[in-house]
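Shared between the two complexes below is subunit A, which pairs with subunit B and subunit C, respectively.
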Partner chain A sequence: MAYFARKIGFLLIVLIAVTFLAAALIRLLPGDPATVIAGASGATEEELDQVRTDLGLDDPLPVQYVGWLGDAVQLDLGRSYISKLEVRDTISERAPVSFQLMLYAQIITLLIAVPLGVFTAYKAGTRFDRTANGITFAFLSLPNFVLGFLLIYLFAVKWNLLPASDYQPLSDSIVGNLKGLVLPALSLGLGQVAVYSRLLRVDMIATLQEDYVTMAKAKGLPIRRVLWRHALRPSSLGLLTVVGVNVGSLIGGAVVVEQVFQIPGVGLGLIGAIQARDYIVLQGLVAFVAIVYVLVNFSVDVLYAVLDPRVRHARASAA
Partner chain B sequence: MDTRNDNQMPVGEIVSQGRLVGALPDPAILSRRRFLGTGAALGVGAVALVACGDDDDGGSATGGETTTGTGASEPATTGGDTGPTVAATNPTGAAAVTTEATVAPQPDPIPGGRLIYGLEGENSQGFNPTTARFGLAGIMIGRAIFDPLMLPDDTGKNQPFLAESVVPNADFTEWTITLRPGITFHDGSPLVSAAIKANLDAHLASFLTRQALLPVASVDIVDDLTTSVKMNTPWSVFDSLLSGQFSFVAAPSMLADTENGGANPVGTGPFIFKEWQLDSHLIATKNPNYWREGLPYLEEIEFRPIIDIATRTAALRAGDIDLYHTNNPGEIVEFRDDDNFQVAESDAYAETNYVMLNTAKAPFDDVTVRQALAYASNVEEFNTIRNKGIVAASNGPFSPGQLGFLEDNGYPQFDLDKAEELLAGRDISFTLASVPDTFNVENNNLLKAQWERAGFSVELATFEQAALINNALVGDFEAYYFRLYGGLDPDNYYHFLIGANAGEIGAIALNFGRWKNAEWDDLMTRGRATGDRAERKEIYEEANRVHAREVPNVYFFYTRWAIIAKNDVADLVKYELPDGGFNLPLEIGRHQVSQLWVNPDA
Partner chain C sequence: MPVPPQPDLTADAAPVTERELPAGVVSDALAPDAGSDGPVLRRRLPLSFWISAVFLALVILAAITADWLPFVDNVEDYDPTALAAGPSGDHLFGTTSNGNDVLSIVVQGARTSLTVGLFAVALGFFFGGLLGLVAGYFRGWFDTVISAVIDILLAFPALVLALAIVSFKGPSLTVVTITLGILAIPAVARVARAATLQYASREFVLAARTLGASHKRVIFREVLPNVVIPMAAVSLVAVAVVMVAESGLAFLGAGVPADTPSWGSLMKLGQGQLDKGAAHICLFPAAALFLTVYSLNTIGDTLRQRFDVGRGIL
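Then we have the complex of A and B:
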């Protein structure tokens, strides 16, 4: 219990630090929201000052931040300077889109990486191992957007199998949703296959040399059972850690992929908010991303304890 | 002087005469099927040329002229007609085309169906025309949901649309707008003069839009359908503003809802707003009570912003969208030769692409340096390399079709020796900046190479849009790559170039380049005070020559806009106005959408 309390306390400190830093950094960007909103149309200096006052932009940063934080804890994240839409609504519309994209990307990545990691470990040093290594690293070396355009060209333009840009909410059409997100998810996930599979491969090779695995083989268990039932689980801790940590890189990748495929998720919202100097939206989205990132990593920590009793015991004795 | 090259479309020939051509597709590059689909539009354009007459005859618009409609709503454009004859009127002599256009009957529009329209950007400020900045995306959505007070005909002159008439008094100090009767907003409220006053008053109070309406002193209701707009100075071309963002009439209920109105537009247009998800889509459904009988043909239209060029192109090819607009030469060229798609193009009244110079500080406070930079600019090379050779070289803010446009206004033409002579060995260095997208960065690199051949030292920089605009406003730049101007009348950019709007460095000024010239100011002010078309033509031509001599900017090309569509999208730009005649087919990328229909036989 004390462990969880410490974790949650730490989590809150991280969130405050992240959102404050985000607020500070955003305001260091060149460009002024007031001129974006009104300047290019001929507003006077006085009117621009009024816009800044109306938006609370003329207060010192700590005052602005404390005001925002006070509202944020009551789930009032403010309204966009530009679109006038509620930031809370913006997040609730965009977050499910990005979640789906990242979830599909993770699923696709794991569906490819786990079997590949297991079999390359089993076949370590063979031609299959080297070929798989080469192909997966080729995908890793390709930037997301290049992969995205390549997939669009092949699957949308040349073969006309999948849409290039046609996001549909899950509530509208399950099939449409899947079709619209397959290519973006592949763009986001394929590069990670190398990371996941190679990591799993290394852990699996070590596990396959353990005595209990040798014992299992000696008892005549089928190799498939040995690999999947006895070796995979203890080999997956490293993979699990990376999957958790990787949420951050997926969010970063999603910014690019959402732009390429015009998917209305958090990433596209971040780009638009940065370009328009829409501080209030940017701050809300950054806070949201930070919360998700921290919570995912917290969950990974908890899962660690579930998967490996040694972690649980160590934490219990430390407490 | 003909500044075009061989790759340009024949429409450029017409454009270069300073007249409408709108979307007259090049018959040489259209498949037969596509051609037949646009045959009527061809005819429309040709008829427009006849109606326009020769500019030299002084035209038809004179002081105190009224632009009057004939009253109640009339049947809208319908199919079944045959495109007017082209051969008799088309000065390009596209006779081979004419035969097909006149022989082939146009199919009747089939009501129903749904189209997805790809937009080049998102109108992220929402859709309140008095508070949001409407880019082309906003204008297109606006034309679906709102209706304009006026729409330009195929001679480029605004004609009444929601208005039955828009009439000035003799000295242009008062304009009277009379509405058509019996029109209602989507919320059921009637379109009456109170709504016009609410919209115009909101514009006058808005720092976003009021600058363009500075001559307006007051807006008064005369009766239910009549509104009087009084000016504080004679303004002969007030009506030229009434077909763009200023012309959209929003329901008073929408204007009153300052928090949510912009995201829930209510107009009188052919489509009723259904839903908008920022960066994703806007859906509008058929207005069953639309005042123009028979329109719209579609049951629903979806607008989908797709900002990335490659994705947009792929989306059309994959069938994710049915049509889209673009000004990217690469896309236009790619689809011109593809029989599976139709392309309508125009550079009439288009924006000009140029390098804006800060004339308030060194080195560009010296006119000889500006002239040297213009002489050092190899526009033909630039347009060939960067624009696939399909755009027309520009020589000033006056674009083809506008009063004042001149093929030869004296603007410096590429001459490296002349540039070096003007520089006279001086070491001139400056920074050229633009937004950081690839296309602009590549442009900048080419310009740097060209200018350094003449002896300039050029640094390159990029700024995001927000920072770029900010710097332009306060004069914190030396040279910026920009796109501006264009429109139905040169008065539309009065406030961007007038000396009174050129503030000191550090102070906000709409005349970003801070160029001041008393002769120009006088001409531009005289131009808005008289309604005599011949006189205005003379005034603006002289202004054009002054501008070319002073080189406040270095000019490159007129934007070429195109609509690219699947072949089953019918009547891309053919739209009949309520009182007869046809809408200017493609004005700076704008066109109507209520006439679009899906042709299953295409």
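Then we have the complex of A and C:
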């Protein structure tokens, strides 16, 4: 219990720190937000003052932050001065899109990585193992936007199989949605195959040395059954953690991939807000991304501790 | 990404994602089966290592000598008779839609990428290494504070931060380098701290202390030489991560200024031409980035594996 209490305490500190950082970011940047907001040069000094007062720009940073936080906990993240849209609505519109992209990326990655990890473990040290390792390592070195260009060139331009940029909501067309997101998901996910499959491979190799696996084989169970039913499950705990933690790197990657494929997710929103100097939207989106990131990492940590009691006891005794 | 990710400076092995992963996860996953190929120290370096090293040497050489290479034009030069032309004898990598020679931009872009990569990593390793060393050596409250700050900073998506800082500070080589360097500090500090912890309680450290050596001397003369080796392997992967981040930022339009040749901005320029029969504009810088990153990762990974195994024998 003390373990979870400490975790939650730390979680709150981190949440406050990252949202404060998002606020500070905008404050520390050069330029006067009021000028941008009130519309460049046309605004009079009174109008500028009005904007500053509205936004609390004259207050010290901590005061601004507390004000923002007070609104934010009531899910009020302010309103864009450019599009006049609520930041909250922008997020609820864009987040599901990014979420789908990351979900598809994870699914594709796991579909490739799990069988690969299982078989490379079974065939450890063989030519198949080395080849698979070499190929996945190459994909690991392929930045996701570079992979994106390559996929666009091959699948959209050369073979004309899939669209280069055509996002359709799931509610419009399931097939259209999948078609539009396959290439982005591949760009985002393929690099991670190496991380997942190698991790699973190492854990599987250890599991395959266990007595009960030898026992299962000695009983004459088909090797397929031994691998998938007996060995995979105890080997997959490490993989689970990394899949969770990896959501973090996917968030960063998704920003770039959304730009490559012009997918209207949070990342594209962020880039748009930066280019338009849309401070309120930017602060809201950065805070949102950071919060999601922190919460995912936290959940993985806790889940891991729940699944494997050794973790919380080890940490409790180490502290 | 990432930026970098990323994403992604976590030293050990898996580029790009490394920073997001808990220490050890990736390195464990990517570690070879120890000793599978016979005695470690006598094992020869694999062919892939040498190919990567030669390629990287060529890239570095081209980047340094770009101004004197006969096939590299000035940034302003353009060929009005060849707009978005494919590879030919005159223009080995073809030309952009403005008639600029793609090969020239790729070579000069290598200079930009390497400059950012090397200086940002140097910055990150100097400060991150120092913090990690001190935290890992002294432990106690300082370590607790540093570790907590590291955790908080790593909890922030680095690419998003870099994007925001660079686009507001205005695009310049210095801003990009310093931003990426600063973002590398927490990840490097974490690795340096972990490496220091392994040595800080060893006999030779204790012996030095008992003989009356100052903390400063012990840190720099006893601990540092041991920590430097694994960190060097890590730094190669870090250079790759930073180069990817630099290109990513330039692609997003928040990297080095428009008049500085860069792989990322060339890819951005070329993306619009992918379906107009001029895919070479985008694909050549993409290939350059991939091969460079692949080489750095391969060399870093080989050295790291060798080192990890070596550490086992000590």
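A few remarks follow.
Heads up, the rule we're going with is that the second predicted complex is superposed on the first by the 265 of 319 C-alpha atoms of A that agree within 3 Å, B and C clash if a C-alpha of one lies under 4 Å from a C-alpha of the other, contacts with A are read in each partner's own complex, and residues count from 1 in each chain.
Operating definition for what follows: a contact is a pair of C-beta atoms (placed from the backbone, for glycine too) under 8 Å apart; a residue touches a chain by one contact, two chains touch by 3 or more.
Computed from a predicted structure; not experimentally measured.
In the overlay built on the shared chain, the residue A:238 is in contact with subunit C alone; subunit B does not reach it.
In the superposition on chain A, contact is made by A:153 with both subunit B and subunit C.
Applying the stated contact rule after C-alpha superposition, one finds that A:289 touches subunit C and leaves subunit B untouched. Of the two partners subunit B and subunit C, more subunit A residues are in touch with C.
By the document's definition of touching, both partners, subunit B and subunit C, reach A:259. Of the two partner chains placed by the overlay, only subunit B lies in contact with A:47; subunit C stays clear of it. Once chain A of one complex is fitted onto chain A of the other, the partner contacts of A:164 extend to both subunit B and subunit C. Within the superposed three-chain model, A:223 lies out of touch with both subunit B and subunit C [touch as defined at top]. Once the two complexes are laid over each other on the shared chain, residue contacts for A:63 go to neither subunit B nor subunit C.
Once chain A of one complex is fitted onto chain A of the other, the partner contacts of A:85 are limited to subunit B, with no touch recorded for subunit C.
Within subunit A, the residues touching subunit B in one complex and subunit C in the other are 29-31, 149, 152-153, 156-157, 164, 259-260, 274-275. Contacts from subunit B toward subunit A in the complex involve residues 122, 124-126, 133, 207-211, 259-260, 262-263, 277-280, 304-308, 310-312, 314-315, 317-321, 463-467, 469-470, 472-473, 495, 501, 507-508, 510.
Looking at the complex, you find that subunit C touches subunit A at residues 1-8, 14-17, 19-22, 25-26, 28-31, 33, 36, 48, 148, 151-152, 155-161, 163-165, 167-170, 240, 244, 247-248, 251-254, 267, 270-271, 274-275, 279, 282-283, 286, 289-290, 293-294, 297-298, 301. Put simply, subunit A touches subunit B in their complex at residues 29-33, 35-36, 38-45, 47-48, 79, 82-85, 90, 93, 149, 152-153, 156-157, 160, 162-167, 259-262, 264, 268-269, 272, 274-277.
The part of subunit A that touches subunit C in the complex is made up of residues 10, 13-14, 17-18, 21, 25, 29-31, 124-125, 134, 137-138, 140-146, 149-150, 152-153, 156-157, 164, 191-192, 194-195, 198-199, 201-202, 205, 238, 241-242, 245-246, 248-249, 251-253, 255-256, 259-260, 270-271, 274-275, 282, 286, 289-290, 293-294, 297.
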